[in-house]
């Protein structure tokens, strides 16, 4: 049985210009011990999808569908039941460590807070465990770092603290939101390796716009575009031979793969294009793509694609 | 239009309503007031059909005093606020834009003025000058600018580091052009909120100074009415119609400004708030 | 011929009120850029590459050293002399939205160089004609002109910034990680546009980035920067 | 550590300069204002009633000497605690003030503390539940209080609670003729109304600062992190939001002390509370300038001291100053 099964998830929220359909009928399954990368461009709804799972969206958001986690529908839980899962069962590593860490608390205490909450340890033991967690992130001199405040750490170190904090509650499932954003090449490579090592044996959803990082840290990759998933396949397949024209375009726009741009710009989530949402920008668009919304087609063992060309 | 309508939250709307009420009162004072507010008559008359709010110790009609008082109180409020916000804006702009030594001196001065207890100093200044409405405007203006200066400065410091200001400098534009074309327009929103709140503060301060006997006895402001009601026995003898109406007027007029200012600041805060997504 | 020549450039920052400490942001940089060439400047965050870009345009003052632009030592120029030279050198910033005045419509932002008289006296209709030409060059629609920066996407704003720079018609451009905040597909669009513009207008460029692959695509020569020093030039 | 010392040195210097400027202002204002400066220095009462006394006093105070010399002797007198002589009270200014100041503090200190607590609690609640019915209710109430002139609310409270309901005394500090515990109880009973009025104003002031601070902090990323950890809402508020909101409040409460002094002066007058307020009120009517100057100096010194203490406290509390980096 899958660890997480998202069925027909719709997350809409009102805005001044209309209803934003940030996540529109998404189906996604994550197996036990599987690490899935969720790839997409800014504003395609990938962060909202992560926030929908851990239910940290503002109260004006409307969520429909089912998120079955270990047999329970998360959307049916009360706020208190959900809270007990957060940080312990399901952890989220939020994006931008500079704003996501509390500026007036020592980083060691911020990590220990999770351990005390979900590990039932006393204050001293939790602090010791927090230092252990920091050591596991390969931060130099963890004992000293634990007693420092966020502003005393570099960007890369703060990201390590975020990772230590996310994993401190021994979660079965981790959602990591853009863990490599804003880091330079060397630090990025180190953080990706760290994430891969530290999530071994756990399940993970890694939200990122960095295809290279996702390819290195994840087993499978799901590609999101304008609120819906377009393709799900193993990481190697997505990187080497993707089927969907958008994924192809995305891969080819990487500087290392030719820097070939996809023409046009991402559509609005309020009023997405008819038919296939990618058709206005698609180099291989056909008549049917304008008229009909392509269904998600299962290719073989867990690979899916939403394109008329790939049948 | 849509955007404008969205800005009108309930505090702003209610504030504008109160404000327009008092503006009309002030503008049409000679038409609304039944009597000349200076004309003496029978003293201490309680409210009646001929004198809706009764009369004071020398028989002046309190309702007429109130109507004309709106002019003075609003005038002092607006002008003192204008003076203080103008000073504060200039100091904040210079300090934030020039930085360095100019900033240290100006902000040092601001910090000093900020911690000097304002009312006691105003009392001394007012006690040494002849009581006139202009002196009150100047005294309030000269001591109320600190918070504007601080807010404007921190906004300017933020703005001058923004790439678009650097880009403007890259065009070869001069400092004046940059300050007035790029920095000031982006600061107006906070200045506006400060201005509105300063009007409220100035009206309250005028009332306090008048109450202490430092007001302009040649002008009928609400503060002066309260001052007389208190010092000439209206309060002790329980002539409530003498001291309640001017107090209510000050409170409501100030409330109008405070509501608008509060609404604007909430709006500014919403704009700077982090998007939850 | 060298358009830019940098000789032993240094920029130190001092911190601390009582115990003065110096941070060496740029510690002796020397290099040149040929006319029409793109020099890629590669380095990790905090190595001083942004500081170097700003120094070249004298948006900040160097501690010591020499920067020649077209034979003139700009570190010696007066404020006034510098102001007249500024339009010939421009900068593209990392965050496109904040590089445009949030209170100005796109049209005003692009028109600003014309209004400041950088391209000589111009009638209203000439200005409109020029603006239309520019937005077409950078791939925007006329409908974008009446919007504000916050109403456009990052890629669109970066196009506006490029249009504005073209309106100024500079010879030298410092591009400071112009695509670092953009998505890969948009990054590819903007970089292609920049390469086209460079070719069409014969621009000289310093292209700053931390992405090796991007710098390789964009540059004729690459310089590496580490801890305030330009270490290798190839 | 050195940076903290540096910070404190800077602050000390700032307060020293402030004090110096205040002292100099008091010296200069009467001498710069139009009209005969002797009126301003000796008070109208003396000046008009006994011209021969004025001549003697001029010589005695050295008012006929050059201004620099006057300034030095003024500073010298201040250093000795000599604030001048009040002819209205026929007493040295310092002695008058020292007695009255005590009673102002009796009103002020409980009001500042209660106002801070009340305002912070309500502000935190309103900010945390921003936009809810609770927030609208509490905020409207404080907007209204904020808009009332201090002394007018005092008059209203006398009208309602003393005149009409006869729950509290009309005015004064004590009914007199009492001693010991009975006197203390009587004073507390007399204090109830003025302290309540002042507390409301202190609370309103702190309320808005706290509310907007909590609103702002609630939108920060680390609050989301705290929720993602599985913390209870109560713990998110207390351990993360308030911890960040409380810090700047230390300085705010100190500044607030300055505003509260002004408020207390006005409220005292209404309640005929024999403190600095009534003193200044009488001094204004008698144009007793030496007393006015002295009062201002003493009040300003107290406010400076409060702010200085707050800055010291802030330096101890904020890790960003403690660590050396000023954010």
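Labels for the chains are A, B, C and D, by order of writing; each one numbers its residues from 1.
We take it that a residue touches a chain if its C-beta (ideal position, glycine included) is under 8 Å from a C-beta of that chain, and two chains touch if they have at least 3 such contacts.
Keep in mind it's a predicted model, so treat the numbers as computed, not measured.
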Relative to chain B, chain with the most remote C-alpha centre: A
Interface ranked first by C-beta contact pairs: B-D
Chain closest to the middle, measuring from C-alpha centroids that were averaged per chain: B
Whole-Å gap between the CA centroids of chain B and chain D: 21
Chain A and chain B, separation of their C-alpha mean positions in angstrom: 51
Intercentroid distance (Cα basis), chain C paired with chain A, Å: 34
Shared interface positions of chain D, touching two or more other chains: 220-221, 224
Residues of chain C whose C-beta touches two or more other chains: none
Where chain B touches two or more other chains at once, by residue number: 274, 276
Complex interface listing, chain C residues touching chain B: 57, 59, 83-87, 89-91, 93-95, 98-103, 112-113, 116, 118, 161, 164, 168
Of all residues in chain B, those that touch chain C in their complex: 162-164, 166-174, 177, 182, 185-186
For the chain A and chain D complex, residues of the former touching the latter: 54, 56, 83-88, 91-92, 94, 96, 99-106, 113-114, 117-118, 149, 151-152, 165, 169
Chain D residues touching chain A - in the complex, by the definition given at the top: 220-222, 224-232, 239-240, 243-244, 247, 318-320, 323, 325, 327
Interface residues, chain C side, partner chain A - complex: 44-45, 153-156, 183-189, 191-192, 210-214, 216-217
